[in-house]
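Some structures are shown below for you to check.
Each of the next two complexes has chain A plus one other chain: chain B in the first, chain C in the second.
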Partner chain A sequence: MENQFKISSYCHVKQNKISLNGKVLFSVKPEESTFLKQAYKALNVNYSKFFKMDKLSQLAFLAADVLFQYENISEENQENIALVMGNKASSLDTDRKHQDSIQDKTSYYPSPAVFVYTLPNIMLGEISIKYKLYSENSFFVFENFKTNYFYNYAQSLIVDNKADKILCGWVNVDDEDYEAFLYLVTPNGDLQHTEQQINTLYNELWTL
Partner chain B sequence: MSKVYVSYNNIISSLGFDSVSVAKEVIQGKSGLKQIADASIMPEPFMSSLIDDEVLSAAFNNTSEKKYTKLEQMFIASLQDTFSQSNIALTDRVGLIISTTKGNIDALDDANDFPKECAYLDVLAKNVTNYFGFKTEPIVLSNACVSGVLAVAVAKRYIKSNMFDQVFIVAGDLVTEFILSGFNSFQALSSEICKPYDKNRIGINIGEVAVSALVTKNEANLSDDAVEILGEASCNDANHISGPSRTGEGLYRSIKSALNQANLTSEDIDYISAHGTATMYNDEMEAIALNRLGLEHTPVNSLKGYFGHTLGASGLLETIIGMQALKQNKLIKTLGFAEMGVTQPINIIEETTEKPLNTFLKTASGFGGCNTAVIFKKVK
Partner chain C sequence: MDALKQELKESLVEQLNLEDITPAEIGDDDMLFGDGLGLDSIDALELIVMLDKTYGIKLTDPKQGRAIFESINTMSAYIAEHRTK
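What follows is the complex of A and B.
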């Protein structure tokens, strides 16, 4: 079967830098800890629910927003865009916070606002709510980015007509470390949707 | 395009350690839920179905030096049974999907003997993979409460995309303080056995199981209870991260898309194994979605009264019980239901009865607004 789908845009976030299609859109000094909030302002995201999200959801949301703004994808169109994402640390960053809240029986304060973020697919829900995506959501955990699994899953969604476009990628937060790489698979675009191309784009994350 | 089936399977639960025995208990109306008093998990007594550590150790019979966590033992014991029934060689055409929401989350607790690294899901996956000697990289699926049934859809998709010929799925979650304290903070837990769709329902019970199944395109050597996967879909509510849509939008779209793929209409579904967590919002949302699809007359059950909500395993657990129901032509009652407690009419199965059955629809919904629907058809 010939693969006619393309990659129309991609986004990297790491080292306090956000890039779109390989060009840096926004950056702050590596030592600054409020990077995500500064990026939110600089990129005109304008979505107050952002501040309720945990760091993992914020990171995924920002990267998706960069791509959707660039692609003129808006909630009015309610597009059928599947979300297929993965990472290594699942929601451990927030899991540790919830664990801290129950560790000491004399100071016990579990919170629903934290607990709800102890699932990694919540980031897919956040993106779906903002962009009114009533579409396929799948969240995977791997030791590291597995190109073949992302590529083949996206292909199967295309072949089965489950989605018109697919937002794929890797969004990981683990203590101070974080990285995001998202790419949009669509019928039109300049880059081929192939494993080799996805690998090339993913590797740019480490030279950002 | 070749057909894809769910074949050999296993259930490790408080009602037994294989699918046939567990289904037998369920058909007899026995619940695995009971009141547990364990202050290390919850200050007050709680209703749950737990797997006995000693029975599990005996079943797992670890002969190696390596120590396995309780969840790993559950996964391995379940997969061992499915694996030996399936009798296939592990090649690069055989995949493994592990479905779990929280994995070894108990390893984060300071009181736990295992290192905190065990809480990484890929570490858990590697331990299971290495035990059996899978030749392919394990896939962990963590999609809240739809994970178990979504794993069936994902396995089918990887087979259709020609990555694998056969995929083993193993699904499970533990009952931990981490989970119970969280659901309790939502005030979602019921201190009694849950009552899905019932007027007097007061919330969910959390239970633990490990379940596994072989998903295959090989028509030869299918199990007696094998089913074909006719259609599957997963749609988000795009509404709220911790509450279901009031219109049942995502569930409605999931079922509709699964029916389209299966080339079926609502009339072709013989029964529905629904999510039925026994929370106000979930049950109501399901009733609305089923009515929007003209499925209000189709017999429907929730199995939460037998096992509680088993999180990342529930969708696969309920699929396996559904396969047994098809094989035995039995509509299984919704344990705990007495009086209609949803505003839209649905046809709750109140007594376990005999009826010729060929197709069933399994649905699930979860945090993050996710919903999944899969339609199955009896093979033999």
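What follows is the complex of A and C.
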């Protein structure tokens, strides 16, 4: 399979830091609990629905928004950008909140606003709604980030002409632990779209 | 009634995560949906749960919500008349 595609930009979010192409874009002290809200304001995201999302969707949305702002991708462009993401904990963080709200049968008030996020692929919907993407999207749950799976899936979308660009990556939230690594596969860019390159970029997460 | 209206405005902002607005900015007659506060269908369901949990009012027909949740004035009037808590 000939690989003419590149990785044009990538974003990491971990330890209360957001980095774009390896450079820290925004950070707050590790003990700050309102990191995502502060990042939203600092990065001029300007999308009030952000505050209705669960932490998993906020994390994915923020990382995608950093890349799309950098790439000058807006809802007006109507680009054919596929979304391919995965994680380990699925929507467990929000599942627990929902479970808490239905645990006591004498006080049974499940929140619809929480319940709608008890699926991990909702994050793809949130990004698609904001950027008006009517494209292919897939979400996978794996024990660990599977480089070869994401690489092969993205390559097949390209070869089959299913997408012009692909936003790929890993967005995981489990209680206080969280991490996001997103990268944009495009026809142009400085980095080759190869398994080795994706691994190298993913591993930068642990040096943030 | 004024205390109930103030309570409702604070509940809306807190429970519906309306970060860009304060209770003081919500007018008694402001439309809550559509061009007003811009609440959506999930917010409507959340308000139905809030009526039940906080005021003991069970809406059996969600379509009733359209008139009840038109504004703070309509909500407070309905709650004042039907509350069991």
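Following the convention adopted for this analysis, the second predicted complex is superposed on the first by the 208 of 208 C-alpha atoms of A that agree within 3 Å, B and C clash if a C-alpha of one lies under 4 Å from a C-alpha of the other, contacts with A are read in each partner's own complex, and residues count from 1 in each chain.
Simple rule for what comes next: a residue touches a chain if its C-beta (ideal position, glycine included) is under 8 Å from a C-beta of that chain, and two chains touch if they have at least 3 such contacts.
The model shown is predicted, which means the values in this text are computed figures rather than measured ones.
Considered on the superposed chain A, chain B and chain C are sterically compatible, since they fit side by side.
Residue contacts after overlaying the shared chain place A:111 against chain B and chain C alike. Rounded to the nearest 10, the angle at the Cα centre of chain A between the centres of chain B and chain C is 80 degrees. By the touch criterion stated above, A:48 is placed in contact with chain C alone, chain B being left untouched.
Set side by side, chain B and chain C differ in how many residues of chain A they touch, and the one touching more is B.
When both complexes are overlaid on chain A, the residue A:121 reaches chain B alone and has no touch with chain C. In the superposition on chain A, contact is made by A:135 with chain B only, not with chain C. Between chain B and chain C in the chain A overlay, the least Cα distance found is 7 Å.
Contacts of chain A with chain B, set against its contacts with chain C after fitting on chain A, overlap at residues 110-112, 116. Against chain A, the residues of chain B that register as touching in their complex are 101-103, 105, 108-110, 119-122, 125-126, 137, 139-144, 150, 154, 157-158, 160-163, 177-178, 181-186, 233-242, 249-250, 253, 257, 261, 366-370. In the complex of the two chains, the chain A residues touching chain B come out as 83, 88-90, 92, 95-96, 98-99, 101-103, 108, 110-112, 115-116, 118-122, 124-126, 128-129, 131-143, 146, 148-149, 152-153, 155-157, 159-160, 162. Considering their complex, residues 37, 48, 51-52, 109-113, 116 of chain A touch chain C.
The touching residues of chain C, when paired with chain A in their complex, are 16-20, 38, 42-43, 45-46, 49, 52-53.
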